[in-house]
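Below are two complexes that have chain A in common, paired first with chain B and then with chain C.
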Partner chain A sequence: MNTAFILGFVILALGVLSVAFVRPKTYVARLINLEIPAWGLLLIMLAYDEALALMTFVAVTAISTFVIVRLMEWRDASC
Partner chain B sequence: MIQDYSLGLLVAFAAMGVAFFAMMRETDGLHRLLLTDLIEVVSLAFIALIGTDLAEALILPGLVVGTSELIALSEIYRIKEGYTRPPDAGLQIEVMESAPGILAALLVVYGIVLSGFSGGVVAGLGVLFYFLCRGHNERFELIETASGYSWALWIIAFFIFMILPQYWFFAVMLSGSAILVKVMAKMSLIGTMRGGPNA
Partner chain C sequence: MIFELQVVFGLIALAGALSAALLKDPYAKLIALGILVSGALPFIVDRGYLDVAIVASLIAPISTIFVLMAVRRAET
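Then we have the complex of A and B:
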């Protein structure tokens, strides 16, 4: 059991709590907090040497953040 | 090793329970979309726990399907809520005018040097970034056609591997460049999501 593995699961658990019970309850706060469990997952992948999955996850996270921010932009423009 | 696995599984199950509990109590659509993203992260931790090549093989398609699902769901949500007025022009920053050309050129050249799937992703990121910052008025049927032809070339390369194995080097080059064009074309389409005349 190495450090990256333990740290990864601690950060994942804390991150899930911080996203599930976010304060203040705004979209942006929740989106920013989503980065914390993602960090935990990256450390878990690092502990198991899953390099390809790790890099793809980084790229996909960037794209999904972009998609959600775009949705918020449309929402602000229409409301 | 077994103990690692069961401990990790326990934490992941607890995290999954918390995530689904929050999902259950949430009523707002966009908040639920964000929680879907959270559940995806936690479920990927389950798969990552397997810790072999199988885990990587399972995570990659999972990520791709997750992204396309998120894009589709966000479009459905947008139409359902009636957000039809396009947002104003994005950030007007000087860096977004000058940097894209240089950065995109560097990424595309590096991607072509890498070739293959990862090369396609790097070059695609360059094109995506350029479209995002500069806007676009390309004819996307053309990009789609190139992507289709390159997919056919990729398949042909696999037939060469099976039928004429002595020409393996030609097949490697063919499949490497074809998958480069294919992945790049698909990824560049994401850069057009800000809306535009042809998107």
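Then we have the complex of A and C:
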């Protein structure tokens, strides 16, 4: 149990709660809040020694953010 | 890592996460997300994963730019 593990759990729980109960109920705010638990999960995965999994997770999170932004523009419902 | 440095970087990451969760302005949320990233990156460097640190610190601003595009479109 090192510091990054506990900190990752705290940030993950905080981020999940902030995505579930987002205060300005907009897609953009929810998408920005969705990046908080991703960093918490990254800190949890750091406690296990898998460098390739960490790199893949970071890359896939960025790609999914890009896809969701394009989807929001395509739906024209980004408000 | 030194224990005091762990506490300081952990507090920076927690402050970024809390302010990104609680603030209402999307631009302020993005700035707070940058603070969260800057608090989480020293833990990656501490474990010795410099390649992961390079990838994360290159990709995090790029995804911020993508979200900034959506924020600008939502504001107008």
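What we mean here is this: the second predicted complex is superposed on the first by the 76 of 79 C-alpha atoms of A that agree within 3 Å, B and C clash if a C-alpha of one lies under 4 Å from a C-alpha of the other, contacts with A are read in each partner's own complex, and residues count from 1 in each chain.
Going forward, contacts are C-beta pairs under 8 Å (C-beta built on N, C-alpha and C of every residue); 3 or more make two chains touch, one makes a residue touch a chain.
These numbers were taken from a predicted model, which means no experiment stands behind them.
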Just chain B (first), just chain C (second), both, or neither: which does A:44 touch? first
With both complexes superposed on chain A, which partner does A:60 reach: first (chain B), second (chain C), both or neither? first
Look at A:23 in the shared chain and tell me whether it touches chain B only, chain C only, both, or neither; answer first, second, both or neither. second
Return first, second, both or neither, reflecting whether A:3 touches chain B, chain C, both chains, or no partner chain. second
Between chain B (first) and chain C (second), which, if any, makes contact with A:11: first, second, both or neither? second
If we overlay the two complexes on their shared chain A, which of chain B and chain C does A:31 touch? Say first, second, both or neither. both
Need the overlap of the two footprints on chain A, from chain B and from chain C, as residue ranges. 17, 27, 31, 40, 59, 66, 72-73, 78-79
Within the complex, chain C is touched by chain A residues 3-4, 7, 10-11, 14-15, 17-18, 23-24, 26-29, 31-33, 35-36, 39-40, 42-43, 46, 49, 51, 54-55, 58-59, 61-62, 65-66, 69, 72-73, 78-79
Give the list of chain C residues in touch with chain A in this complex. 6-7, 10, 13-14, 17-18, 20-22, 24, 26, 29-30, 33, 36-37, 40, 43-44, 46-47, 49, 51-52, 55-56, 59-60, 62-63, 66-67, 69-71, 73-74
Can you tell me which positions in chain A touch chain B when the two form their complex? 1, 5, 9, 12-13, 16-17, 19-21, 25, 27, 30-31, 34, 37-38, 40-41, 44-45, 48, 50, 52-53, 56-57, 59-60, 63-64, 66-68, 70-79
Using the touch definition from the top, list the residues of chain B that touch chain A in their complex. 3-4, 7-8, 11-12, 14-15, 18-19, 21-22, 30-31, 33-35, 37-38, 41-42, 44-45, 48-49, 51, 55-56, 59-60, 63-64, 66-67, 70-71, 74, 77-78, 81-88, 90, 121, 125, 132, 190, 193-194
